[in-house]
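We just call them A, B, C and D in the order they show up, numbering each chain from 1.
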Amino acid sequence: MKIGILTSGGDCAGLNAVMRAIGLYIYRNIKNAEIVGFQNGYVGLIKGECKPLRKEDFEGLLDAGGTMLGTNRTPFKQMTVPEEDGITRLDKMCANYKKLGLDCLFTLGGAGTHRTAALLCAEGCNVIGLPKTIDNDIYGTDFTFGFHTAVDVAAEAIERVRTTADSHGRTILVEVMGNKAGWLTLYAGIAGGADAILLPEIPFNIDKVCECVRNTYRAGKRSCIIAVAEGAIVDAEAPYKKKERAFVRVDRGETTVTAHLAEVIGEQTGFETRSTVLGYIQRGGSPSAYDKVFCTRLGSYAGRLAAEGRFGVTVAVCGNKITFNALADIAGRYKLVDPAAEIVAAAEGIGICLGR
Amino acid sequence: MKIGILTSGGDCAGLNAVMRAIGLYIYRNIKNAEIVGFQNGYVGLIKGECKPLRKEDFEGLLDAGGTMLGTNRTPFKQMTVPEEDGITRLDKMCANYKKLGLDCLFTLGGAGTHRTAALLCAEGCNVIGLPKTIDNDIYGTDFTFGFHTAVDVAAEAIERVRTTADSHGRTILVEVMGNKAGWLTLYAGIAGGADAILLPEIPFNIDKVCECVRNTYRAGKRSCIIAVAEGAIVDAEAPYKKKERAFVRVDRGETTVTAHLAEVIGEQTGFETRSTVLGYIQRGGSPSAYDKVFCTRLGSYAGRLAAEGRFGVTVAVCGNKITFNALADIAGRYKLVDPAAEIVAAAEGIGICLGR
Amino acid sequence: MKIGILTSGGDCAGLNAVMRAIGLYIYRNIKNAEIVGFQNGYVGLIKGECKPLRKEDFEGLLDAGGTMLGTNRTPFKQMTVPEEDGITRLDKMCANYKKLGLDCLFTLGGAGTHRTAALLCAEGCNVIGLPKTIDNDIYGTDFTFGFHTAVDVAAEAIERVRTTADSHGRTILVEVMGNKAGWLTLYAGIAGGADAILLPEIPFNIDKVCECVRNTYRAGKRSCIIAVAEGAIVDAEAPYKKKERAFVRVDRGETTVTAHLAEVIGEQTGFETRSTVLGYIQRGGSPSAYDKVFCTRLGSYAGRLAAEGRFGVTVAVCGNKITFNALADIAGRYKLVDPAAEIVAAAEGIGICLGR
Amino acid sequence: MKIGILTSGGDCAGLNAVMRAIGLYIYRNIKNAEIVGFQNGYVGLIKGECKPLRKEDFEGLLDAGGTMLGTNRTPFKQMTVPEEDGITRLDKMCANYKKLGLDCLFTLGGAGTHRTAALLCAEGCNVIGLPKTIDNDIYGTDFTFGFHTAVDVAAEAIERVRTTADSHGRTILVEVMGNKAGWLTLYAGIAGGADAILLPEIPFNIDKVCECVRNTYRAGKRSCIIAVAEGAIVDAEAPYKKKERAFVRVDRGETTVTAHLAEVIGEQTGFETRSTVLGYIQRGGSPSAYDKVFCTRLGSYAGRLAAEGRFGVTVAVCGNKITFNALADIAGRYKLVDPAAEIVAAAEGIGICLGR
């Protein structure tokens, strides 16, 4: 049985840990197995460039951050690998899959990776997906690997900022990753003890946020911390709408929604207000103990699916049970924070402002 | 509405975080609420000693380790508070519950605490339980709070020990807390990259363990790490049984199963073998980000149950949903590791030895 | 003996730990001692607003981030407290010092705080300074408290970024705090395994930096990490000078030297290049074990100086010895990284590029 | 130039980081350099077994715990390698040094390692020592590498134990490594907020310790934490002497001074008293940021000494300066805690009991 692996999309903690579990499972449980790894996500498959991965290559990966195979954030449609003579990138991948004699391909990635994986399935490749992303937005699974590690990092950062805010009597906005899905901001905000949490899924009213800031100081706190998702959305009905143009997200290093929002809140409340962007520290590093166990379960289970010949699926956790979904069912779908969810009610129940 | 809170049993991370969420929820959502806290678990209730807890008392507790109310490990039946004149401790607690005019009592604790809570319920007190323990052995909930924090600590300890074992070419046994339930050892062992994991639920065969040790070195590793639950059980059928008497757990500070087992493994395999007992570091400290979110959800939900007048229950997580069980249904029951569970199969699937 | 304490300037880890040691020392060793704390740095002294601090107020502070007294970053000369009727702010502080009957004032702060402390001394107040700052730039002491904790945080962040850079094959610039002094960047860069480190004290040649980037990939690394101090200076002789205008540091949230530098390096080397700004996470949080010991020594020693009536000084560490310097000697002076220092040679000796 | 490296004695954090700096320095600065590594300390040299280490072998070691060369705790005199035909182990090492054509040998180790290194020097080998040990007891250097990392770990453990002790109203003794030297216990005890610290260098009076326990509770604390060095010594003059026989240190896993001391303190004070032994977690793991910088400086400096042909020395830090001492001057000497040192006075000054 010849098996390929690739990691695609933005990196996160646990990619290596999942590959370790897959590799160890397969070499232990499938006779005459042979594994190859593609470099830099689908690009490696398009080019047909891979290297053999022996059992030893999978040892010692449990704790290693990043991905030993490299990855690639370029969306599949924008890849620079040219389409020549009418041969599409998808054609090339399928051709290489066959040429290499693969019996199965593991794709570790996020929503985009899964969409491409579903296309490969439709073309007859045996694909098994694994749900990676700090955004936790893959449809059909309670959690993705890498998410809880990112929560740890972002929550700790928010706590650190609290002591500075307390010392200076400031309001500080902390921008957390997440464009479409606010899971990371929601979890890190609750764990970090934020006073307000602004999400892409729950458009916020700037007046409600300013009121929360004032109430926080009124209640005797010396500072106010607001966790803001990158993609937090201004409530269209709110008076703030007039300034909406200012909220245009500009390129790397330039002003952000968060920086601008800090100015507005500072002006409206009269309290010194600052902002900080957590940035890349949220992605990298070693997986947490939670993610190490989770990745081991996911990878071991995925190995078993391969052994049983069950393809065209992606592994998932549902409740405390590892299970799987058909790639065709989840491709192109996202799992967002439900504004009526119990965790949102839990946050609001103890007085955290969600801007509505 | 007058509400009492107590924390009982061995301490763990998150007790304060849960109380914070309960307190903030209640003062925010229940009019004219009044909360009192009992010191040192049920002892405080038996003696009728409590102190008022204002809203401010619940602020700043998210990160605080331990319990601000103190706790007590003495099993209810062995408490030194005397029973006089035929008035039982249970009678006293009920009498104080009434005398203080309580409408509801929150009990944060483990299996023993829940058993007593069920007794109070049966006597007509309105009790809401919250599932605390690093052992994760409370029936009816996927996880207890404090568990994942303990996993973090124990897993990190196991990883540290690995580098020492590697440097010296040693086998090291790491004893993890858990007398009846092996959850902590199982999770920490997987996350810490242990080569073997010995649990109370899966009797181990000493020969299988020694074989695992030899195979580990044979495969090129420089060391072998075995995570051993305090209550790991020797397989009655194994040849090791002859020495069984040596495995008697003696009092604090004296020799342990683990220390003895290390000697046996060292003798049988010929590799230098040592042991270390993680001890108290597994209980204390601040909750992890995971537990902070979990505790906030549990406490907020428990507050809502009180507001809705739903008593005689304990809060639980089932899948990724917070829910509740009747105290009567779960009292006296334990949740142990199922030797056929998927997580056990995941561990064995990648080659971790469970001694069978 | 009546004693005042204040904390001034940007916050850092260890302010509370130092105050704890001062307070515990004084209440233990000086009879009839009375301590008062001024809120928000010198502002509290100017306004004469203080509160009594009992022995209990100093307990439990060892681990607490921030400062329980609040602080103030406004440079003394720009303070908004008005100067009326020719009474300067300095006059007011001295008047309050006398009016309150202080025998001694502890000032915890950075270079600016020490300058003001020296002015108070010159006016006859008994001042004892304590060297706080993540910048480590106070003259006359090997280290300031808060510095090593900030190094821990920044180094860990750089390591996290490395795994992301590795996975994507990128060059990433990590901006570290430090406008005049590059200590934090130098230590965090070395500890974080950076390939290049750019400091305010060593003007960098952009061509040398780009050459370092190319060499890093040539040597087989999958990424290149550059630690950049906020105040890193472009070498005036370098060809990059023509673009110098672009290097103007603009206000909070806007483009930074680092973001712009990333663009230039990306263009010149052809490797994907990104930047991230660590920001506030470097200041806050609990002190490290190193700083807890250091703060305890500094505070205990400062208490002893007060008991012995030795004023007009600031505590320092020289070698592994706690000692003191005259405030008059160190006021207005900075301790910068010496481009010829052994630690710089150590970095360059193992191939870290300093841009020269 | 042909260079050998070995690591000897108990492992600690930073061994790999020092070797990395040595290797990178040498390959960068010494032409035609060739490095070989001996396995398992002096045993490798006695047997003449070594392997070549290329530049690439030194990359990526900054963060790696343990030692890639393996090490050996067996004291030189007790090594099992036989002395045959009157050829001593020392003879064999010198013979192999010559046979392999070494120009220089780096020995990373503690006091014992340095003693052997001095013997090799006396026989004409060019040796450069590097001061490794969590005990910080090497003569002539302010600090050894690995020490501050161990302080971090032990201090965090003590803090964790505090929350448990607080919750249960207990006295807990935490046994820290250190047989002759109490540095680790002293630093970790101060950083961990211990109420009492017992060291090998300061014989303790059991009555003073019990008095400290009582005073701690009397002052309103809910618990009492005592940091105890493995080698803490009972004061011969104290009444406790009668029980001295009980203080015999028994083999691994058996009762310890600390466990016994806990019983005695519990009996004498009437407060529930427990003990825990930190054990192996203190040795292993990745170096802290402090140690990463320190190791880089030490290794880079050692490389320079080799390049300059300066042998028969060991690298040291004195103040904040890296320097060196003659091996002959420091061999066989220890650096212990001076009972009159400023750090001891700092601890006692704020009320920490040292048992005298």
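By definition in this document, a contact is a pair of C-beta atoms (placed from the backbone, for glycine too) under 8 Å apart; a residue touches a chain by one contact, two chains touch by 3 or more.
Predicted model, so just to flag it, every value in this text is computed and none were measured.
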{"item": "Identity of the chain that, by mean CA position, is farthest from subunit B", "value": "C"}
{"item": "Cα-centroid distance, subunit A relative to subunit D, in whole angstrom", "value": "42"}
{"item": "Inter-chain centre distance, subunit C versus subunit D - centres from mean C-alpha coordinates, in Å", "value": "31"}
{"item": "Approximate Å spacing (C-alpha centroids) for the pair subunit B, subunit D", "value": "34"}
{"item": "Set of subunit B residues in contact with two or more other chains", "value": "156, 159"}
{"item": "Chain contact graph, described as a line, ring, star, complete graph or other shape", "value": "ring"}
{"item": "All touching chain pairs, where touch follows the definition stated at the start", "value": "A-B, A-C, B-D, C-D"}
{"item": "Contact footprint of subunit B on subunit D as seen in their complex", "value": "7, 10-11, 13, 15, 40, 64-67, 70-73, 153, 157, 159-169, 172, 222, 252-256, 258-260, 262, 274-281, 283-286"}
{"item": "Complex contact set, residues of subunit A against subunit B", "value": "20-21, 24-25, 28-29, 56, 59, 62-63, 142-143, 148, 151-152, 155-156, 159, 187-188, 190-193, 220-221, 288-290, 292-293, 296-297, 299-301, 303-304, 318-322, 342-343, 345-347, 349-351"}
